[in-house]
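We call the chains A, B and C, going by the order they appear; numbering starts again at 1 in every chain.
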Amino acid sequence: MIEIENVRKSFGQLEVLKGINLTVKKGEVVTVIGGSGSGKSTLLTCINGLEPIASGKVMIDGTDVHAKSTDLNKLRQKVGIVFQQWNAFPHLTVLENVMLAPRKVLGMSKQKAEEIAVKQLTHVGLGEKLSVYPNRMSGGQQQRMAIARALAMSPEYMLFDEVTSALDPMLVGEVLDTLRMLASEGMTMICVTHEMKFAREVSDRVAFFHQGVMAEIAAPEQLFDAPEHAETKKFLAATH
Amino acid sequence: MFHYTFHWNQALKALPQMLDGALVTLQIALLSMAIGLAVAIALTLFRLSGSRILGALATAWIEVARNTPALFQIYMAHFGLGNFGIHLSPFTSLLVGIAFNNAGYLAENFRGALKAIPDTQARAGRSLGMTSLQAFRLIVMPQMLRVAFLPVTNQMVWAILMTSLGVTVGMNTDLAGITQELNARSFRTFEFFAIAAVIYYVIAKAVTLAARAFASRMFRY
Amino acid sequence: MFNTALSWSDLVFLAHGAGMTLAVTAVSVAAGTVLGVLFGVIRFQLGPYWAAPLTFVLDVFRSVPLLIQLVLGNALQSIMKLGWPPFTTSCVVLSLYTAAYCTEIVRGGIDSVPTTTRRAARSLGMSWFQDMRYIVAPLAIRVSLPSWIGLTLGVMKDSALVLWLGLIELLRASQILVTRLQEPLFILLICGAIYFIISLPIARLGGYLEKRWSPND
């Protein structure tokens, strides 16, 4: 379970998160929508401790992420994250990209790591691309590789930060299909996205962020068809 | 042609001697590169350290190395250190001068290479649970090596060419030095120096080709 | 250290040396650039295959020590009984040396102009020369200028080697003073400072232009 309690975060003068409260239960899929600068992406990097927070608390299965005593490297093995820019490691093949962390961080044998990497890559439809270098692949393929790379650590939670925003429109579908598949397998996920149709399909709950505040959170039908907050209405009207 | 008879035979007889000199040339170049690389890494760390004094020292070194002639740097080692009662042999002066020059240029290259790797790479490593040291060693470093490899190779070629400057401080065992001695004895300047030029060319090309072959095996992406 | 025997006339002597450095550099960079532009355009027009002989010759100038080139140039002019003074020989050799590097810079600059841009120019009815003059040159100069500044600074430093042919340029002038006054460190420091003073404005200009003309502005 991920528990976010009254989290505040500023970049200099600008307060990007103004007291966020959100609890995500095991097996739940929560999508976060909202305009740019609403703080939704920052929230994800605060959840796995890549960014420090000013006040509040983030608890993952009862562990305080931002406590000094917490071993963040250990915690991050439990929480995978995939970014808008997929950040493929250009000097490693697709297979090596996925094998690296299991071997070096989890200390797996080469054989075991390879087995897992092949399984995950096949899962996301890249079973044919194992020995290819990332720069030979499309953005969509690289993004799916990044997903497999995160999954190879057997995380219990996955965070997706606008993973389709940097892709050509024709490549968005293949990545969203991968996310749908993960959701249907019961992965606990928080997805920041601009794809409304996707959000409606896969989410248990959809949260709308506006200027650092979670303005509204509800089941997808509720939020999309009968939004309560004025800003939500405005945002949805503008995106349709 | 022009009432001048070329005497290639006489010059070619000296070839073994000149090749011995070429070995010394290569030796100085390699040594100066090894020292230069070590110092360049130190200078890069100095710059990253955040210490004002170390940073200023690194900057001064790099600026002097890049903005004065290599020959000036060799003169500094050979004549300038004399003020402190340090009198270096031609071999050592040449080595120190070139190593100084190498270190300055290489440090500048390393800085460029470090800048060329985006922060997001280390971040991606961290998000997979790597420590910052692991992320640097496994992800940033290998990519940095690739970016820096070509400039390092170029510097090696420069180092080989710079060894010829030793003759101006009395160096007489390297290729340029031996050629100059042979020339002083026979006055067959053109022939001897033409052969030396060919040898320098071959060495420079061999180093470049070897480096390219090595790079294509090492960096396959 | 400041208790020096260095006199006013010695400083004038150094200044003369610096003047010689500047003269050799200016002549060589000017002539080398003209040749470099010519060779660069030829290399680009002919393509890698037909330009191979030219490429090879220019590569030799970049792979043989300049000192050896100067000695060979001097020996050659004496064999050919040209009777050149050392200044002429030095400038000729340094010009060719500069041209070898400049050719690469020019070719790279032309290469950086997208074919689509050039096609657009030609499709407006411009001749090859007009395309080169009004489209390629302005764009290529932007890309090449920082490297060209770097080359100029490099030639200025490398020009020290002409001392081997007997020209009294800055470094040789310093060396003469060192031998006479026996104050090596002090005189060499002045010499180094003069090199800095000469190169700083040029380097600054390069940095300024690089910033101003960076491709993403």
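Going forward, a contact is a pair of C-beta atoms (placed from the backbone, for glycine too) under 8 Å apart; a residue touches a chain by one contact, two chains touch by 3 or more.
Here is each chain with its UniProt name: A = Glutamine ABC transporter ATP-binding protein; B = ABC transporter permease; C = Amino acid ABC transporter.
These numbers come from a predicted model, not from an experiment.
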| item | value |
| --- | --- |
| Chain nearest the overall C-alpha centroid of the shown protein atoms | B |
| Most contacted chain pair (by C-beta pair count) | B-C |
| Centre-to-centre distance between chain C and chain A (centres being mean Cα positions), rounded to whole Å | 54 |
| Euclidean distance of C-alpha centroids - chain B vs chain C, Å | 21 |
| Between chain B and chain A, distance of the C-alpha-averaged centres to the nearest whole Å | 48 |
| Chain B partner contacts - residues on chain C that touch it in the complex | 60, 63-69, 71-72, 74-76, 79-81, 153, 157-158, 160-161, 163-164, 171, 174-175, 178, 183-186, 188-189, 191-192, 195-196, 199-200, 203 |
| Chain A partner contacts - residues on chain B that touch it in the complex | 120-121, 123-131, 134, 138-139, 142-143, 146, 219-221 |
| Contacting residues of chain B [partner chain C, same complex] | 2, 4, 63-64, 67-72, 75-76, 79-84, 157, 161-165, 167-168, 176, 179, 189-190, 193-194, 196-197, 200-201, 204-205 |
| Interface residues, chain A side, partner chain B - complex | 48, 50, 73-74, 76-77, 80-81, 83, 85, 87, 89-93, 100-101, 104-106, 133-135, 146, 149-150, 153 |
